[in-house]
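Look at the two complexes coming up: subunit A is in both, with subunit B in one and subunit C in the other.
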Partner chain A sequence: MEGDTREAIQDKSNVASSRPKNGVPNGSDRRLTDEEFERYSRQMIVPGMGKHGQLRLINSSVLIIGAGGLGCPAAQYIAGAGIGTIGIVDGDVVEPSNLHRQVAHATSRIGMAKVDSLITHLRSLNPLPTYIAHPFHLTAQNGADILSRYDLILDCTDNPATRYLISDLCVLLQKPLVSAASVQTSGQLIVLNCPPSPQGVVDRPCAPCYRCCFRKPPPPSANLSCGEAGIMGPVVGMMGVAQAGEAIKILASALHLPQDARGASGASGASDAERHLTHPHLLIYSYDLASAIGPYTFRALRMGGRKRSCFACGEGSTLTLEGIRSGNPDYVQFCGGLAPPPHAGLAPEERVTAAAYDAARRKQELPPHVLLDIREREHFSLGSIEGAVNVPFGKLLMKAAEIQRDGGEAEDVLPREARGSGKDAPIYVVCRRGIDSQETVAKLKELGLDHGGTRKIVDIVGGMKAWKDEVDPRFPFL
Partner chain B sequence: MSAAKNNDTIDITVDFSGGLEMLFDNKRRYSVSLPAVDGSGKPVTMAFLIDHLCTHLMKDPRVDLFVLDKHIRPGILVLINDADWELEGEEAYELQPRDNILFVSTLHGG
Partner chain C sequence: MAPAPPPGHFHILYFAAAAQHTGKSLEPLPAPLPLRDLFDELERRYSGIRASVLDHSLVTVNLEYVDIQADEEAPEGERVVIQEGDEVAVIPPVSSG
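Coming up: the complex of A and B.
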């Protein structure tokens, strides 16, 4: 089946580039065209690559899932290296806030489907590969059909549910998976399921899947996304480029083929490369905006191999493609679901909408009060409601815990500028989206700052997001 | 190792990465001195260290972002001298002088 897929792909790429067909399976022995020869010369002369490695790349197919901060740089090097067929999956369109890191898109292509934008860029870089657009999100329903058409999968997505789905599909379809992730100033990279082994085989060393390494997802409250926590372009870019590097290496050495299908080369037992892959390393890149590159900027951590007890690839696993297609397992549920946002059980009079707060301010109906903005300092620095004072949520909780533990003035959780507003001056609390602010109102009351009920402490519902939506559409909300 | 006396200490380094440093005063690296044996005279383990970190080093009250139900929360990898702690016995691992322990939260963004 593997062979059939690849031949079909070779036919396609021959049509695309008018390459002479030589009839040799996998094209392992054909001549390179003059154009290929010139284009790929600098990588072919690298020790270990050669014409043989280049032909393997030309006859390979790679699926890049996600055309964002990881997918853009990964795709550039995958295309540049001459991998013959490149598929890209993404359902989003290019937005201005993508461009600082998703550098294969362009200002002129804002609003275009990311898949089309990325392929436009890749074609101008290298017209020889066949590019296949999958302009929608990967789902449990469409996943197996798409992944089965490729030799190797790059996980460049941005959420845990899709990451577990991709890994499970790779186990069942026996595809190697190069997985990376990045947020704020940290990045991670690992090669999984490579070389692939049949599901359930545990009597010999096998490479782990994503679930072997990361058995359970973090609770949603602990999960940071680039949209919420921010991301530095070079950090995610570095991880994407490294993904391409791993993919090229695996394909040029034919390590992507299932262990059983590679009988001839494995005659003398597992190669060193394979032994290394069955206990892959997790590369961690962590970068500190305030310090120089140091010994812990890059770390390679040794992970275990396939786990006997793994839900997806382990002994007696009941995971199937049919099951996945029909919603079993439920990936969204597994990753914490679409649970309603937590709330602190505030009374109606302890909450005010952004619009109502603004109206009362304008009519000067409010007494002197404290407007406490508990977003991170960076968010606050980009814009705030006039008169707001800033104490980041984490700092406030820390200070509150210290007061509750060691004693001290409850008033000290408020910033100094806020303490002159009068002892019973109401406190209005605002955050980004209105979740942390509820918890803060409850915490301030717990500390006794409501003076037994004589002082109002109020949550602004929906936070600065609501302020932008209801009051000031030009507010720079991030 | 078995000859550890009650007043001996073990010096190790503890690193936080992937955002966990936020819970530890935004410091990525700590030098930690632990007693060589716990209250009942047994060599100190990872479980002892985790408890020690929660009570002495963690300034942020959101302990549940680090420990859930008395175990390291899902989504945090623990590395003992750069190897997955599952290879080393997890919480039962007996700490050795100069060990490097890394706590790293797994990332999903991209």
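Coming up: the complex of A and C.
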């Protein structure tokens, strides 16, 4: 048995590209080792799996891009199921704030590369697969080379630019993509580009790519990251586990192979499955106790197929691997760039640094004023500048829109505690990082709260982040 | 499932950033409403929602994707009209993980 196992590992350590392609019943006559037989017994007896399905998994390779909240749970089940080759891409290191959701890492591995930490965990779970570490971020330059070595791709990343890059590469390399995303209390999951069809083919039903579903990225200002907006562990965990489920299902039934390569006979019963996949379902999970729809809701929404006009996979697409490698399209630019967001064009006298505001306060040079903190209530509850009153930015904008549309007292956008502080009491606005506060100053002026210029409305530059950096290093900033 | 909308209305569901912008997850809107007028109607109610949410969101009617762009270009008789009792959803992409 020992010998068999070692042989099996060696067999699988061949580079992925020279492995026999999964799907054809290659090795279906191979004996499973005793260890494999015992380890995979409970899934092999599930109807439809069998030894045949298990061998397909063992002969398959999966690339997991992102070793975070999605990648950790996904990788655990991918490894557990015995996928033969598992590659993991991530350039980050484990941080304490990851651990509430990235459950394959460990307190003892804080500071370690996430890829190494995750592989450590996966090896202890299942030593049989071959694990390949890609300890850096996926880029337009390295992407094609890495993705081309695997049968199926899991998008477990955390930003729109990388999502579009991955989808485009999957189109060009004809790889199926299991994509999931999650923030705060919402999750999404969809199987894309599966089974893969050549770019530009539109004369038969083909599966959509990410761009067919989401043509344009959100503006950077509307794009919430887990670091800024927060994330509940079970929500992202659920989506990661579901990603693994989809991947295993696809590989065990050989649906990841291009339609043409599978031949006319194909895998048995594939045609129904294919019909589902050319119009895949977007699974939405919302976990919101206050929601009118219900506290926990799954919804499966049927998407369209490949779009004739799609930039990446549609008719006459000009997207190429060489283009991507040389920076065309520019994904960062497409997703709003790294440039600072447009500011509201405030005059210098409408802005004050956190340090200068603090100094003026200490010297009691400031008249009685309103200090308006527009962070979310949860951030405000963790700590605020003494005397600050809170109204979340989104609420303030909604109230402002209501007043502008239906009429009403402009003063009502301010929280009740702030309304009695004198007609011309200056308003200082602070937010998390100093962006929303500029927009708020402009909005308050637009509403006429500056009383034609007699009342000062001032932005605290850099927000509470600057307050922590310049004034109070112990401030609990999140 | 969401509760049934009142007579003469359809329900619209807001997910993720759409829920954040509107401050609600669900509301009834008057039906019938041509699909291509949906975004104008929402912009009228929630100023700024088109640029910050709708332009990059996908829309479903009764759990099926509808292509708003294609609908706008379609001939009059083939355009989608949202009917009483329908369930419409606005789904912005989520990117984090």
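Of note:
The working rule: the second predicted complex is superposed on the first by the 433 of 478 C-alpha atoms of A that agree within 3 Å, B and C clash if a C-alpha of one lies under 4 Å from a C-alpha of the other, contacts with A are read in each partner's own complex, and residues count from 1 in each chain.
The definition used in the following text is that a contact is a pair of C-beta atoms (placed from the backbone, for glycine too) under 8 Å apart; a residue touches a chain by one contact, two chains touch by 3 or more.
Just so you know, these numbers come straight off a predicted model, no measurement behind them.
Because the two structures share subunit A, they can be overlaid on it, and in that overlay subunit B clashes with subunit C.
Legend: residue contacts after superposition of the two complexes on their common chain; A:Arg204 is shown touching neither subunit B nor subunit C.
In the superposition on chain A, A:Leu70 contacts both subunit B and subunit C. Once the two complexes are overlaid on the shared chain, A:Arg31 sits clear of subunit B and of subunit C alike.
After overlaying the two complexes on the shared chain, residue contacts for A:Ile293 are found with subunit C alone; subunit B is out of touch. Annotation: subunit A residues 66, 68-71, 156-160, 163, 180-184, 186-188, 213-219, 221-226, 229, 231, 236, 239, 282, 284, 286, 288, 299-304, 394, 397-398, 401 touch subunit B in one complex and subunit C in the other. Those residues of subunit C lying in contact with subunit A across their complex are 2-3, 13, 15-17, 19-21, 23-26, 46-48, 51-53, 55-56, 58, 60, 63-65, 67, 69, 89, 91-97.
Across the complex, subunit B is touched by residues 66, 68-71, 155-160, 163, 180-184, 186-188, 213-219, 221-226, 229, 231, 236, 239, 282, 284, 286, 288, 296, 299-304, 394, 397-398, 400-402 of subunit A.
Contact residues on subunit B toward subunit A in their complex (touch as defined above): 15, 17-19, 22, 28-29, 59-62, 65, 68, 73-77, 79, 82-84, 86-87, 102, 104-110.
Of all residues in subunit A, only 66, 68-71, 156-160, 163, 180-184, 186-188, 213-219, 221-226, 229, 231, 236, 239-240, 282, 284, 286, 288, 291-294, 299-304, 307, 309, 394-395, 397-398, 401, 404-405 touch subunit C in the complex they form.
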